[in-house]
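In the two assemblies presented below, chain A is common to both, partnered first by chain B and then by chain C.
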Partner chain A sequence: MKRKYSVMAVATAVVVGGAMVAPIAAQAAIPSITIWVDAPRLPGAKLYATVMTGKVNVKVELHGQADLLAKVQLFNRVKKGWPDVVFGPPNDVAVLKNPLINNALNLDKLLTPAEVANFGHGNDWCKSATGTYCVKNDLAQTVLWYDTTLFKQFGYTVPTTMDEWAALGADIAKNHPGYSLGAVGDQGFYASYLWPSQCPLNQEKSATRVVINTASPKCTRVAKLLQPLVDSGVLDTRSYFDAGYVKDVGQAGKIVANIGPSWWGEFVLRPAGSFAIPAGHIATAPMPKWAGESVAYSGEWGGGIYTVSPHSKFPRQALDFAIFMVGDKRNLVTVKNPDGSFGAPTFPAYTPGNALWKAKVSSDKYYASNPFPAMLTQSSKIFPGEKPVRYDSNGAWGAAFAPEITKSKNLQKAIDAYGAYVSNLAQQLGYEVTKS
Partner chain B sequence: MSTTQTDPKRKSLKKVGRVPASKMRHQHPFSTFLVTTWLVFFAILSLIPMIWLVLAPSKNDKELSYRSPYAFGSFKGYLNAWKHLKYFDNGVIGTWLFNSIWYTASIVIIATITAALAGFVISASNIRFKRTFLISTLIMMLVPPVALVIPLFVEMDKVHLVDNPWSVILISSLYPFGAFLAYIYYTTSIPAELYESARLDGCNDFKLFSKIALPLSTPLISLLAFFAFIGNWANYFMPYVMLPSSEHYTLPLGLGFLFLSTPAINPGVGATSVPIYKPEIALAGALIAVPIMIMFLVSQKRLIRGMLAGSIKE
Partner chain C sequence: MAKKQHYKHNNGAMYLMLSPYLLLLFFFGILPAIMGVLEIPKPSMANANGGWDAFKIVIHDFRFGPALRHVLGFMGIFVPLMIFFVIGMALMLDIKHSPWKKWLRMAYIVPASISGAVAVLVWYVILQPTLSPIKGVLRYFHITESSQIWQQQNLVYILAIMAFFAAAGNWILIQYGSLQSISTEVLEAARVDGASVWQTAIRIKLPLISKYIVYMSVLVFAGGLQIFVEPQLLNGGIYQGIADSWSFDQLSYNLAFMQGDFGGASALSILLLIPSLLGALLVIFKTDMFEGAQGHIKKKDVEIVGI
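What follows is the complex of A and B.
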């Protein structure tokens, strides 16, 4: 009798246990990934989760761009909890691929040849001597933004060289005082002038060496050419986002032209709370070329990246999410954003993606002419020498450059102050700082 | 008869050589003036940001930058700002608000009870090592929470509570300041003789606390609950460390992440499709600050009584 009950108990246990395990096994067959994105990427990521229902379990989390490193260090302590794929600011990749942090997977083996080709130069930022450690979400290549109404009124033509740009500034100072060619008191100065001029400020050559040389002719030519424009006030020493600059210059309709990233029109020139430049004024042109150069390079101000964790059990599925975000029409064109707009807000880094995005921006009646061609031209001309670095190269513009330019109004002094500041930061983080 | 009789209250004051406050004011009009001016000055100084905070969301982004800080925009401004906040991620702000309320309520209840008990035990019970406990409490008050992040995170991971609201609730319920406050209260406001006579009547420590100390602790409980509330309602750090999932965020944490993704407070972000501007941030600030103000206004009488407890020894 006892034996009979024992057999029944074992059989029941097997059946119940099997019933419990079966769904778990079935669940385990579906890959699961956790995605961390910031607020603007959230609608696209949630859409992806819906699209992948039944194929990949996708958990989407909102996070702040600046907190990833702190969180990863905590996860490293307990050896779990890492998100599979993360959207972050461009410099994150340098920190995350650092062996001490180890949270950026080398994607060389994961990216298909077609995907590599589709990124083209758009993914240069993510490449280093040891591999490709991220994929770019969007490009923030600088172009020349100008006010067609003011150009017509003053009889100007669009400058194609930096010498013509300086001459334009001189003419504005002489004949139209009070008008502006933009501001130089923030990171925009780097993206618009120093980076396109190939000034070596954050040129990481290896994990242990970075070139910072503010005495390079590629840096000094910027200061020499633009200092008269600063002296005459045509280039303002405040930040573009300084409330005084926004009111006195931006909203007063005094910006004749400026060099700015591809998102400039939509998010700085247009919004009512920003420069509020009316419809029908703004157009874009390719970057002016520096004297003696064969390519009119751009710099970048922004341009987010996706990194995949080396701890991910499903790295290909994690990478698929990034590819969806940069290449799928549902995210780039049709997804509804919290502000009521549709699609990706910025220039996709993926060639098929920017072809889709083109339709959205090209038909926008706000612009005096289609702004897309200049953006496309410059998308493959971002000077690749500047690289992601482990120190806060962007924060240093506010910490070192801005105070000096405000105080001395001297561009070379301010560039030197930035160089000294980042050299110090680089050395603290174990880089050897060299001049070439 | 009544004219010759002296007010017994006054008599007792004379006895101890004190002068009533009202008399002092009459005697020193200039000092009264100085004190009043000083208090009014600080009241204004404290009110200015609060008024600004309440008025700011009534204006739109442009008005907020260029109109007078104390100008009123319109009621529609509040609605628009709220609509934008609420619209984000299908109203996730409601979840964050609910989380903030229930985390804070749990912390306030647990922290108040444990702090009152701990303070009572250190001051009135007969347990050993009371002094050691008291010194430990003081040391805990001096340790900044940041210094404990890694050990606490590892500890919570070991008990599988990372990304679980109870990690925040349990850690934040550790309330050494409250325990010390309770210790001071039970040492100075309740005479030791009362405890002794209760013990003679057969009270054990728990009965002593529940039947004698607790009924006399209303001001203390209010004070403990108030400080626990203000310390945790706007707490950013502990939820930030312990709760990676957005569905567990508190209001300050979720809004912090949301705002960092917009150019409103971080111009470097530049491009965003999230309609979060300065008025939305001001409204969120008000959402976080107003409950603290209300809590203070509602409980100020009890708080002052609690703060003064033990200051006079008869």
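What follows is the complex of A and C.
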């Protein structure tokens, strides 16, 4: 009896084993990739995994944007574990392509001419003298967001110059105290004012030289023009995401207008958990122009990138994921997000994807008027002087600028504090810091 | 002969009981320290050519000075506050037997059950003028906006308060325990000689528990020097950037994981090990902390027991 059972056990094991072996053999032909994304990109990535079933084995992992550098350095130590393709903040490309970290593949040979053409200037951020080290997910160019209901009520017209913007602020302070033109206590101040004004802060000129000069007239004019608005409280010294600002100003419907990135409407103004501005209020306009300038430049707040690891065995398949995210209707328009909205919230950097996103946003009844034209105008006007740098130029807004503006409420002092901090960081990482 | 064998047997059991500790000490104490030292001279973005310059580079880091100032300021408040408050509370608790005592002891242990990470949240709510349960008190001091509280120059005080409440309760009970170990004959004798409660506390009890106080001071010092969780959580979770590289441990973390400078991070960690190690050696060799359970047992007795 006993013997019979063991024979049966062996037979069963063989059968089971055989069944197991067959799919493994079949799978070996299918490429496998691991994807890292943050929460807003997660629904699209999960969708991609199901779309590719049978063609590519896709493993999706959720990671905070700040996780990558720490993890990659640990993977470099143990020489395994690198994800194939990663969504990350725009500055990561400078760090990742650094030979010591070496986790951004040069995509020049991988991108097809059609793909290069479709990105156009939208991918300039990722290019350097030696190659293309990432592809842009979205452009985060700043535009002027305003509340049409409040504009009508107060009898305002949309400002087209920065002087008109300051005059608007002065009028709000005088006639409608409590209303706001936004906040300046975070990175938004850089994207909305300093970068469009061409203030040299992170202007990498080569791998060993960066220009940082907060005494430049392009920087001081920002502080001079806006300091009265800070003094009167029309520009709040808190961050846009400060719980108090969200409650007292954002959700109270007291933002008359603010300069913000292209994702501002879908991500900050609209969601119920955020400012929750009701439908029919919000419209966009092109950036106001600085006096004496010929172009009304934008800055960028965010505008994520995809990097492919040089350790990936399937770099083309990894890149395909990025192209899906920026060019496929299923991600840009139809995928359902956890908050009930549909499609990607950000302005795609890829022309075919952009057309799809345009169709979605333009017909959206939420906006008082079509917000797309102003975004399109500004998408080709992002001031190109600011570059990805090897130090954490974005984190420094929290570490150096925000504490100083909270303490002194003095814009120039806070800009100087930022400049001093990033100069230190830059020198430590092997840059020469120059004034021009 | 029989006696000797008895002790030998004891030694075997001793090593057996010690072995888990020795294993942990080796794998999580000694081995990482050796690896850390070996890591220091390797090249990094900040130390392109490698070498022991890593120490110099980390000391000249623009965040080293501020971190030193922050940590010293924090310890200047936290350490004396802990020592005086804890000893004072323990001595008071020891004065008289009363049915209230066990409730009092529980009252001390409750705040101590809030660990550093949770304390950040608790104190955030207490100090946030819009949420605070002590709004009235804050208003009395004209604090109505969170920006008045969450400023960098206030952090030493805020973090000292957080750390104090998280740690004080436990130490009060430990020192109360050490006071319990004082022999009643000594206290009786003091009383017969006419010593007041105050005199008994200062002249009799304090000298007898002094080695426990030194022990506590060293541990509180080492803990304060390595403050990490509270400022790191404040920085990442509550006010982005408010306490970036605020303490040495945070700077070391940033060097390693934000800048990829493992060598610099190791150099800083080894530097931090030195004061803590000196403290530990002080406890072992300059106090009789580890020479017997009872302070009044003489060294000779201990040696006899140890044979």
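Just so we're on the same page, the second predicted complex is superposed on the first by the 406 of 436 C-alpha atoms of A that agree within 3 Å, B and C clash if a C-alpha of one lies under 4 Å from a C-alpha of the other, contacts with A are read in each partner's own complex, and residues count from 1 in each chain.
Just so it is clear, a contact is a pair of C-beta atoms (placed from the backbone, for glycine too) under 8 Å apart; a residue touches a chain by one contact, two chains touch by 3 or more.
This structure is a prediction, so every number in the text was calculated from the model and none was measured.
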{"item": "Chain A as common anchor, with chain B and chain C clashing or fitting", "value": "clash"}
{"item": "Which of chain B and chain C A:P261 touches, first, second, both or neither", "value": "first"}
{"item": "Residue contacts on chain A - larger count, chain B or chain C", "value": "B"}
{"item": "First, second, both or neither for A:A167, with chain B first and chain C second", "value": "neither"}
{"item": "Which superposed partner A:D339 touches (first chain B, second chain C, both, neither)", "value": "first"}
{"item": "Which of chain B and chain C A:G273 touches, first, second, both or neither", "value": "first"}
{"item": "Chain B versus chain C as contact partner of A:A399, first or second or both or neither", "value": "second"}
{"item": "Chain B versus chain C as contact partner of A:S239, first or second or both or neither", "value": "both"}
{"item": "Listed stretches 78-86, 96-104 or 204-212 of chain C, narrowed to the one that overlaps chain B", "value": "96-104"}
{"item": "Residues of chain A at both interfaces, chain B in one complex, chain C in the other", "value": "186, 239, 243"}
{"item": "Of all residues in chain A, those that touch chain B in their complex", "value": "38-40, 42, 46, 59-67, 71, 74, 77-78, 80-81, 83, 138, 140, 186-187, 239-241, 243, 246-247, 261, 263-264, 266-268, 271-273, 276, 301-302, 337-341, 345-346, 394"}
{"item": "Residues of chain B defined as touching chain A within the complex", "value": "60-62, 65-66, 84, 87-89, 92, 149-150, 153-154, 157, 162-163, 240-241, 244-246, 249, 254, 256-258, 260-263, 267-278"}
{"item": "Chain C-facing residues of chain A, complex", "value": "69-70, 73, 95, 98, 100-101, 186, 237-239, 242-244, 390-392, 395-400, 402-403, 406-407, 424, 428-430"}
{"item": "Chain A-facing residues of chain C, complex", "value": "43-46, 48, 61-63, 130, 145-147, 150-153, 239-242, 244-245, 256-260, 262"}
